[in-house]
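Take a look at these structures.
Here subunit A shows up in two complexes: once beside subunit B, once beside subunit C.
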Partner chain A sequence: MTYTFQWGEALKHLPYLLEGAWLSLILAFLGFWGGALIGLFGAVGKVYGGRLIYRIVDLYVVFFTNTPALVQIFFLFYALPEVGILLPPFTAVLIGLILNSGAYLTEIQRAGFISVRQTEIEAAEVLGMSLAQIVRYVIVPHIAKTLFAPLSSFYIWLVLGTSMASIFGVEELTGRAINISTTNFRTIEIFSVTALIYIAITILASAVLALIGRYAFRVRAKIF
Partner chain B sequence: MNYTFHWRPAFRALPEMLAGSLVTLQIAVLSMVIGIAIAVLLAVMTGSKSSWLRGIAATWIEVARNTPALFQIYIAYFGLGQIGIHLDSYLALLAGITFNNAGYLAETFRGGLRAVPQTQVRAARSLGFGPVAAFRLIVLPQLFRAVFHPMTNQMVWAILMTSLGVVVGVSTDLTGVTQELNVRTFRTFEYFAIAAVLYYLIAKVVTLGARLIAWRLFRY
Partner chain C sequence: MPHLAVADLTATYPGTDKPVLRDVSLQVEKGEIVSLIGPSGSGKSTLLRVLVGLLPPNSGSVRIDGEAVDYTSRRSLKNARDRLAIVFQQYNLFQNMTAMGNVTIAPIRIKGWRRPEVEADAARLLAKVGLADKHASYPDQLSGGQQQRVAIARALALKPEILLLDEVTSALDPELVGEVLDTIRVLAADGMTMLIVSHEMGFVREVSSRVVMMDQGSIVETGPPAQVFDAPETLRAREFVSRILRH
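Now for the complex of A and B:
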């Protein structure tokens, strides 16, 4: 244990690391909304679709939630070129994350659709609301309220999942931390700083999500 | 699109891949068992009177839940090596996943502990149970009953997380074996397809096993 810490070495690279953190956030953001779109179709198909559609969507969900995201991205990145589809690393990772999060978000959103009570809709109809009004004032607020907590924790989870991009040569936060530590060997310092950045961006993201939840959907979301 | 599929050599490698699946399962089970033990400790520590113990538990949970598992494995492999703790890649992977599991499970258990009414502990104490006996015989069984389902989820997570071992050079688990076969033969498509199916099967078997255990223990 004769290790002398040299924090200056790590702090010197802070801007470089923060740029990586920004890339992580962008990846997570795109992955989340892409996945949410797939999830929306998946959930609608699962709840309102027929037996066949239910089966197909279920197959997709079960398969993508029970295999590692890493293997899925490996597949996109290394196997697809063999059949002639060559994806750049960023795109491969992004598509992998979207497909993966689409499966999880299908299940999350399905729970939201199921939670809407038929009686509430009937009551709204009796009160003379149009379909648009029912969706706007009854269904959406209800779904938003039930889904807010699982969606925001999934988003945090996705931010952490973007670290897998580093394996495929996308230089986001983890990739950059590895880059620096292999050039100056101040592994502990660099990794500690990186861990703090990760904690900071996830706490920041959950704080922002909690604020959005509180003002847009009137969810009693706690920041800590 | 002039790729000819060669499934036969891929299927010939199936025994190797099944052996890899066993290693994957082994790592996942070990990390869960150790992780659960640590998580119970952490969950109890979060409710302790000493601010030191609370601080340690809170730090562990925050770091485990707010940094990527991949990153934690990197730390176990490269970071610990720097201060003289040299773990081989298998142990580094195990340590990383266990750390992650313990953090997530501790948070689950903290919720589970709240589901056990304090009055029961007081009742047990007044009947002459010691503090340890009351915890072991009254609180723990109810805790595990409450958190069994999230625990199963975490187990599936642990299986999926083992695939990250390939980045620190674990070559015996399913992803490692697949990657090696892939490098040797370039039948990428076939091998990764088989690997995906195997992962799916492992996860399915574990979920079914968990349901069986739950039925046997808790009758639901």
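Now for the complex of A and C:
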């Protein structure tokens, strides 16, 4: 092997890469909570909404879970300007991630809705709770607890998925790695360091999620 | 005026045509404890479910203190649910809340009552049901009997006038039945109006002012416990009593 590693070339860009990692985390965070909110309404619509609303939500879910997120973002970024909607890259990527995760999180949360014991809902009903109150006080905490594992893995998946933003010129972690490697050509070193940063931030995110789960929802999750 | 008056109530489960309640009429006076007995499937629990609005009646009327309940009106139903409380066979506690959380959620979040007063009241209720030391326990950390007593405290937290108890001891291990029955005895001594569905015949006989026997959706016999258990008038009641007394 004739390749000579020059780790210094990669490491001197560490602060620049870490700033990008922070942007990745922000994208994932906003994408997740935006998607979770859409998913909540989607799940309520599918479970309680009647046939028409079920159909509409289902169409959305089928469309967004059966096409790649990357294709959806391309569409937002390149097709919408044709009708006069020009989105900055960060916004286009964020909307794409939110719509995409909203579809997945609709299905995940719907499973949570269905798994709430009917008797608990009846008890809430006879105490005088409205549907919104039942969702807020009984169903959502139940979903957070029982679906903590799938929701956490989805969040990690989303952190990694933010790397798609680099294609649209958003300077998150992967975007910055590409920037550096196209100027110094130390691609292997740069992307090795980048991969390690991804591992570090996903472990960190998992640990934070497990802590939240343990103390807020009594989930028996391993922190490390 | 009766505290609770049910007249000619008929109800059918959705998707079936056979009525589960047929022309049921019943009156409960203030402070009275009326027990519903009868074989499984006779409509006892269904009657309670209709009263709290979990199953809409087909016809007939329900009046609380003379005021008719309109089960198709959200406002009227809410008003009725303010005055009636139900405790279920399976306790149905909210699994994500502590005992204290279960008891205080409705008064704080639905009624908007002030937290300090609600919590003081809840502490008093939990003490009354013998769980003064279990405020911070979650349902899965409590025994069945303890969960059922939390459920009773939760039902009382909204200060209902009439308490409906739906086979509250049926899901419990035999050694835990006594503690729940003791709790109900305390409420009875307080003068709470109660409608009880129970298979604990000894208990029914002891606490009830009146016993109502149901069979196939209808009331077949009603009277003081001594009469219904010792000298039932109808053939159907005699059969049921002789069968349960053989055990």
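Heads up, the rule we're going with is that the second predicted complex is superposed on the first by the 202 of 224 C-alpha atoms of A that agree within 3 Å, B and C clash if a C-alpha of one lies under 4 Å from a C-alpha of the other, contacts with A are read in each partner's own complex, and residues count from 1 in each chain.
One rule holds in what follows: a contact is a pair of C-beta atoms (placed from the backbone, for glycine too) under 8 Å apart; a residue touches a chain by one contact, two chains touch by 3 or more.
Remember, predicted model here, so these are calculated numbers, not experimental data.
Legend: residue contacts after superposition of the two complexes on their common chain; A:126 is shown touching subunit C, with no touch to subunit B. Which of subunit B and subunit C touches more residues of subunit A is settled by the count: it is B.
When the two complexes are overlaid on their common chain A, residue A:166 makes contact with subunit B while staying clear of subunit C.
By the touch criterion defined above, A:15 lies against neither subunit B nor subunit C after alignment on the C-alpha atoms of chain A.
In the superposed pair of complexes, A:69 makes contact with subunit B only, with no contact to subunit C. Overlap of the subunit B and subunit C contact sets on subunit A: empty, with no shared residue. The residues of subunit B lying in touch with subunit A in their complex are 1, 3, 62-63, 66-71, 74-75, 78-79, 81-84, 156, 159-164, 166-167, 175, 178-179, 182, 186, 188-189, 192-193, 195-196, 199-200, 203-204.
Contacts from subunit A toward subunit B in the complex involve residues 1, 3, 62-63, 66-72, 74-75, 78-79, 82-84, 156, 160-164, 166-167, 174, 177-178, 181, 185, 187-188, 191, 194-195, 198-199, 202-203.
Within the complex formed with subunit C, the residues of subunit A that make contact are 117, 119-120, 122-129, 133, 137-138, 141-142, 145, 217-218. Those residues of subunit C lying in contact with subunit A across their complex are 52-54, 78, 81-82, 85-86, 88, 90, 92-97, 105-106, 109-110, 138, 151, 154, 158.
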